[in-house]
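Each of the next two complexes has chain A plus one more chain, namely chain B in the first and chain C in the second.
Let's look at the complex of A and B:
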C-alpha cells in the first residue's frame, strides 16, 4: 500500500477514540485486582482477594451457571435452526426469498426494550411461566438474525456449481449438504454460534423483562450494584468481559479466516 | 437398463422454456453407444440447456429423455447414469485429489481397497498418477480439469457429458487436452456428449457434430459433412468461417449458366438443378488470389486487408457490388503478398463451391 496520504491528524484521532473505548474497561479490570475495597486512585497493590471472594459466593455461581446454560441452549438451537434457515434462504429460487429474508432480520432493528416488553406480554398471554426457558427463547429471537446473516453470507459465497457437481456424482440432497456444503462452511458456522453464545451470555435488557426468580450474570451484577459498590463487581465484570472477548475472538477468527487468507494470497500474488 | 437398447441417449421432442423464452424447440436426437457427439453453436443457442436436460438439472417443458432406452425425464440428477465435466472444475476444496476422485465411490460405500485401486486407475487414465494426496488448489487449471474428468469417469458412466470443459484453459493446454480426450474416449469406449462454441474443437474431437441455432439443431452430421456440405448459410459461416455470397444463376445456353456475383456476371459451366437465387458457399482456403489479367473468366477485386499467418496470407478482398469482403486464405511460403489497395483476380475451382437455395430476388 503506497500513495495513500495519511494525515497525522487522522492517526491521532484514531488513537484518542481507541483510548476512550479502552480506558474505562482498563480501569474496571485494574480495580478488580485491587487489594483494598477502594474503587478510586491511588492504586495501593495487587491481590486476587476479590476473585477468591466472588468465585466462592453461591449467588454468583448460580448466576454464572444459569448464564452458561442459557447461552449454551441458545447457541445450539441457533446453530441448528439457523443453518437450516440460511440454507433454505440461500438456495431457494422462490420469489418470496427476499421478503422472507427481510422478515428474518427484523429483530435486529428492534430495540431490546421493545423486544423484552413484547415478549413479556406474549408469554403472559400464552400462559408461559417466566423462567430461564423464557429467557432462552427471548435470547434466541435476539441472536438468531445475527447468526442467519453470517451463515447465509457464507452459503451465498459458496460456489453452487460444487453442489451441482456433487448431485451429478450421485449425492442426494442430504449427502450434498453434509459432504459438500457443511464441510466448507463449518468454521463460519461455529464462529457464528460463538457469537450467538457471547451475545446471549451478556444480554441484559430482554433478560430483565422475561426472567423469573432466577438470575443471570449481567442481572447479578446489576442487582449487586444496587446493594454495595466494591471491587467484586469489577471482578465479575472482568470475568464476563474475558468470556465474551474470548468468544468474539473465536467468532472473528473463524468467520474471517478465509477472507484474511484470501487477502494474503492476493497480496502475495 | 434395457438390454440391447440401440441408443445410449435419445432426445424425444424436447422443448424447454425459461419463462417466456424458448431455449429448446422440439429437439429430436439419438446418440449410439460409444459415439462422441458435440453440440456446437454460439452462446444462447440452447446447447448447454440440452446438456443440462440430459444431466437432469433441468426438467424439459415437453418431451422425453431416454438413457439406454429408459425414460429418465423425471429422474433427479443424482440417480441418472450420467456424469458431467463442467466448465469450471468445481473440485471440492475440503478434499484432496484422491478423495475428490473417489467421491461417487464413497457415496455407495465401496470397500477401501477397491476405492484405492480405482482412484489410481482413474488418475493414471488422465495422466495424474500418484497425485492422490495433493490439495486441489495446488494444481494448475489443466490438472484440475483432468481431476474433474477422472472424478466423472470413475463411476463408469454410460454417458459422459462435457460442458465446455476446455474453454477456461490456455490454447496450448487446450490442444493437449483435446488429444487426451480423444485418447480417453478410445480407451473407455463410452458415449461422450461435448458442448462447445469452438468449431475447431468440435471438428477435431467428434464422430458427429450437431450445430445449434436459436434452440434447434440446424444440421447434424460427421465433421467432414458439416464442413464440406453445410446445409445452411449459418452453418457455413459458423463452421470454418466460409464466404457466403448471394448469387443469381440463369441458364445462358445449352451447357452454360450466367452467374451474377455482385455487379459482375460470369459465364460458367451449367449448374445442375440451380436456377435463380442461391447462396454460394466458398471456403477461404479455396479462393485463389492472382495478378489481374485481361483474359479469362474471373472476378477482379481490391485488397482491403492483409495479415500474415505463418503458413501464408489472409486477405480481405472487396468485390464490386458485394456487400461483404471476401475472405481468402492463401498458402504461399515465399511469394510476396499483394499489398493493400492492389487489384487482384480471385478465382476458385468449381468443385470447391457449394450452392444453397436462397429466398428473395
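Let's look at the complex of A and C:
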C-alpha cells in the first residue's frame, strides 16, 4: 500500500474535516468556562460561574433527573428484550426470522419526525396521557434496533459448537445461555446498553412530541435556546456532551473497538 | 427405546431449543406491534379523517390531502426541503469520500485516532451541534463578535445565519461522521493490491480513482446520499433554530400542524406525502444504480 495515492490532498481534506467536526463543539465547551457572557475571542478569563449557576437551578436538576430516569429505564428494557430477541434471531432457522428482523430495523429507516408523530396520535387515540412513560416507550422503539444490531452481530460471530457441546453434556437452554453464551458476549451487551442509554439521554426529535408537562435535558436546552442567548446553555450543552461521550467511550472500548480494529487489520493486509 | 445415531443428533439439536429460539424474540415483537405498527396504522388513518381542533372525526375523506396539496406554502417549503436535503447530502458525500479514502489507504497510525474522534463526534448531541453553529454564526456569535472586536466590521454580518445555507452547514456537520464511517466500510473490501495493479498497468491517480475506486464505492455512496437527503429534508429542528424565515422547511410545517395549528389530518397527510416522496427517491436511486450497472459490483476477497 506504500506509494499508492499518498498525495497530501486527501490527508489535508481529512484534517480539515476533522477540525470542522470538532471545533464547533470545542467552542461551546470553551465558552462554558468563560468569565463573562461574551462569546468573543480573546478569552478574558476562566470561571466556573456558569456551572454554579446551572447546577443550582431547580428546573435544570429536574430535567437532568428526568433524563436519567428515562435513559435508565430505556437501557434496562432494551437490554432485556434486546438480548432475548438477538439470541432468538441469531439461533433460529424459522421462516419468521427475516420478517421479524425487518420489523425491528424499521425505526432506523424512518425519519424521527414521522416516528414521533405516529406515537403522538397513537397515544392520543389510546387515551394515554403524555408523560415520561410515553417518552421512554418512544425511546425504546428508537434505540432498540441499534442495540439489536450490535448484540446480534456478537452472537453471530460466536462459535455455536460450544453451545452444542454444553447441550450434549446435558445443560438446559437457560444454563447454556447463562453459563456458555452470556460470559462470551457480556462486554458487547454492556457496551450496547451504554449506547442505548446515551441515545435516549440525548434524544430530542421524538421526545418533543410525546412528552407531557415535564422536561428532559435536550428539551431544557431547546426551550433555553428559544428564549434567549444565555451563556448557561454552553454549560448545559457541555454537561450533556460529557455524559454522552463518556458513555460512548465505554461502548467504544467494549464493542466498536474490535470492529474498527478488524477493519484496520484488513486494511493492513 | 433404542436411539439411532441420527435420532440422537436430532435430539441434541432439539434439546438445545425445546421450542424454536425465535420464541425469544416474541416479547420484543409484541412491543413493536403495539408501539410501531399500530401507531403507523393509526397515523395513516388520521390522514384520512376530518379535522377538528387538535382532534379528528369521521367520515373518512381525502380532504386533508387536498388541502395539503392545495396550500401554496407547502410547495415552497417542500422545495426548500429538497434543496437543503440535496445540497447537504451532496456536500456530505463529496467531503466524506476523500476522508474515507485517506483513512483506508494512507492514514497509517493516524487511522485509529481519527476513527475514534469521528465516531465520537457522531454521538455528540444533535441539539448541541445546532446550538454550536448558532454560537459561531449568530449576530452576537463568535465570528461577528471577534471581527467586531478586531474592528474589521462595524455591524454584525447578517448573512451568516438564518438562511438555507446555515441550516445546510449544521446538517452536514451532523451527518458527516456517519457518511465517513459508511464509506470507510465501503472501501474496506477494496484491497490496496487492486490499486497497485492498476498503477502497474499505467493508470494515473485520476484514472485509478475513476475506473477502479468509484465503480466499487458507487453503491454505498448512493445509499448514504439518500440517507442524508431523507434525514436532512425531514428535519424540523435545525430550520426552526437557525433557518430564519428563508430557511424554513416542510418538517416545521408538519410539526406546527400538530403542535400549534391543531390540524392533525393535514399534518399527517403532509408527512405521508413526504414519506412517499422518499420511497420514490429510494426506488429511483436503486433503478439508477441498476441502469448504470453499478448495483452488482462486489469485490471478492
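Here, the second predicted complex is superposed on the first by the 250 of 269 C-alpha atoms of A that agree within 3 Å, B and C clash if a C-alpha of one lies under 4 Å from a C-alpha of the other, contacts with A are read in each partner's own complex, and residues count from 1 in each chain.
As a working rule, a contact is a pair of C-beta atoms (placed from the backbone, for glycine too) under 8 Å apart; a residue touches a chain by one contact, two chains touch by 3 or more.
Because the structure is a prediction, the values reported are computed rather than measured.
Asks: Which holds for A:184: it touches chain B only (first), chain C only (second), both, or neither?
Replies: A:184 sits against chain B, while chain C stays out of touch.
Asks: Is A:130 touching anything from chain B or chain C once the two structures are fitted on A? First, second, both or neither.
Replies: Neither partner.
Asks: Let me test your reading of the model: by the given contact rule, A:17 touches which partner, first (chain B), second (chain C), both or neither?
Replies: In the superposed model, A:17 contacts chain C only, not chain B.
Asks: Just chain B (first), just chain C (second), both, or neither: which does A:159 touch?
Replies: first
Asks: Considering only touches as defined above, state whether A:27 meets chain B (first), chain C (second), both or neither.
Replies: second
Asks: So, A:168: does it touch chain B (first), chain C (second), both, or neither?
Replies: Both partners, chain B and chain C.
Asks: Could you tell me if A:68 is touching chain B, chain C, both of them or neither one (first, second, both, neither)?
Replies: neither
Asks: In the superposed model, does chain B or chain C contact more residues of chain A?
Replies: Here the partner covering more residues of chain A is C.
Asks: Do chain B and chain C touch any of the same residues on chain A, and if so, which?
Replies: 164, 167-168, 172
Asks: Where on chain A does chain C make contact in their complex?
Replies: 1, 3-7, 9-11, 13-14, 17-18, 20-22, 24-25, 27-28, 31, 38-41, 81-82, 84-85, 87-92, 94, 96-97, 100, 103-104, 106-107, 111-114, 117-122, 124-125, 137-138, 140-141, 144, 163-164, 167-168, 172-173, 176, 195, 198, 202, 204-205, 208-209, 218, 221-222, 225, 229, 233-234, 237, 240-241, 244-245, 248-249, 252, 256, 260-261, 263-264, 266-267, 269
Asks: Taking the touch rule as given, give the residues of chain C at its contact with chain A in the complex, in rising order.
Replies: Within the complex, chain C contacts chain A at residues 12-13, 15-18, 20-29, 31-33, 35-40, 42-43, 46, 55, 95-96, 98-99, 101-107, 111-112, 114-121, 123-129, 131-136, 138, 140-142, 145-146, 148-149, 173, 176-177, 180, 184-185, 188-189, 191-192, 195-196, 199, 205, 208, 230-231, 234-237, 241, 251, 254-255, 258-259, 264, 267-268, 271, 275, 278.
Asks: What does chain A use to touch chain B in their complex?
Replies: Listed in rising order, the residues of chain A that touch chain B are 159, 161-162, 164-172, 175, 179-180, 183-184.
Asks: Quick one: which bits of chain B touch chain A in the complex? Just the residue numbers, please.
Replies: The contact residues of chain B facing chain A are 55, 57, 76-79, 82-84, 86, 88, 90, 92-94, 103-104, 107-108, 148, 151-152, 155.
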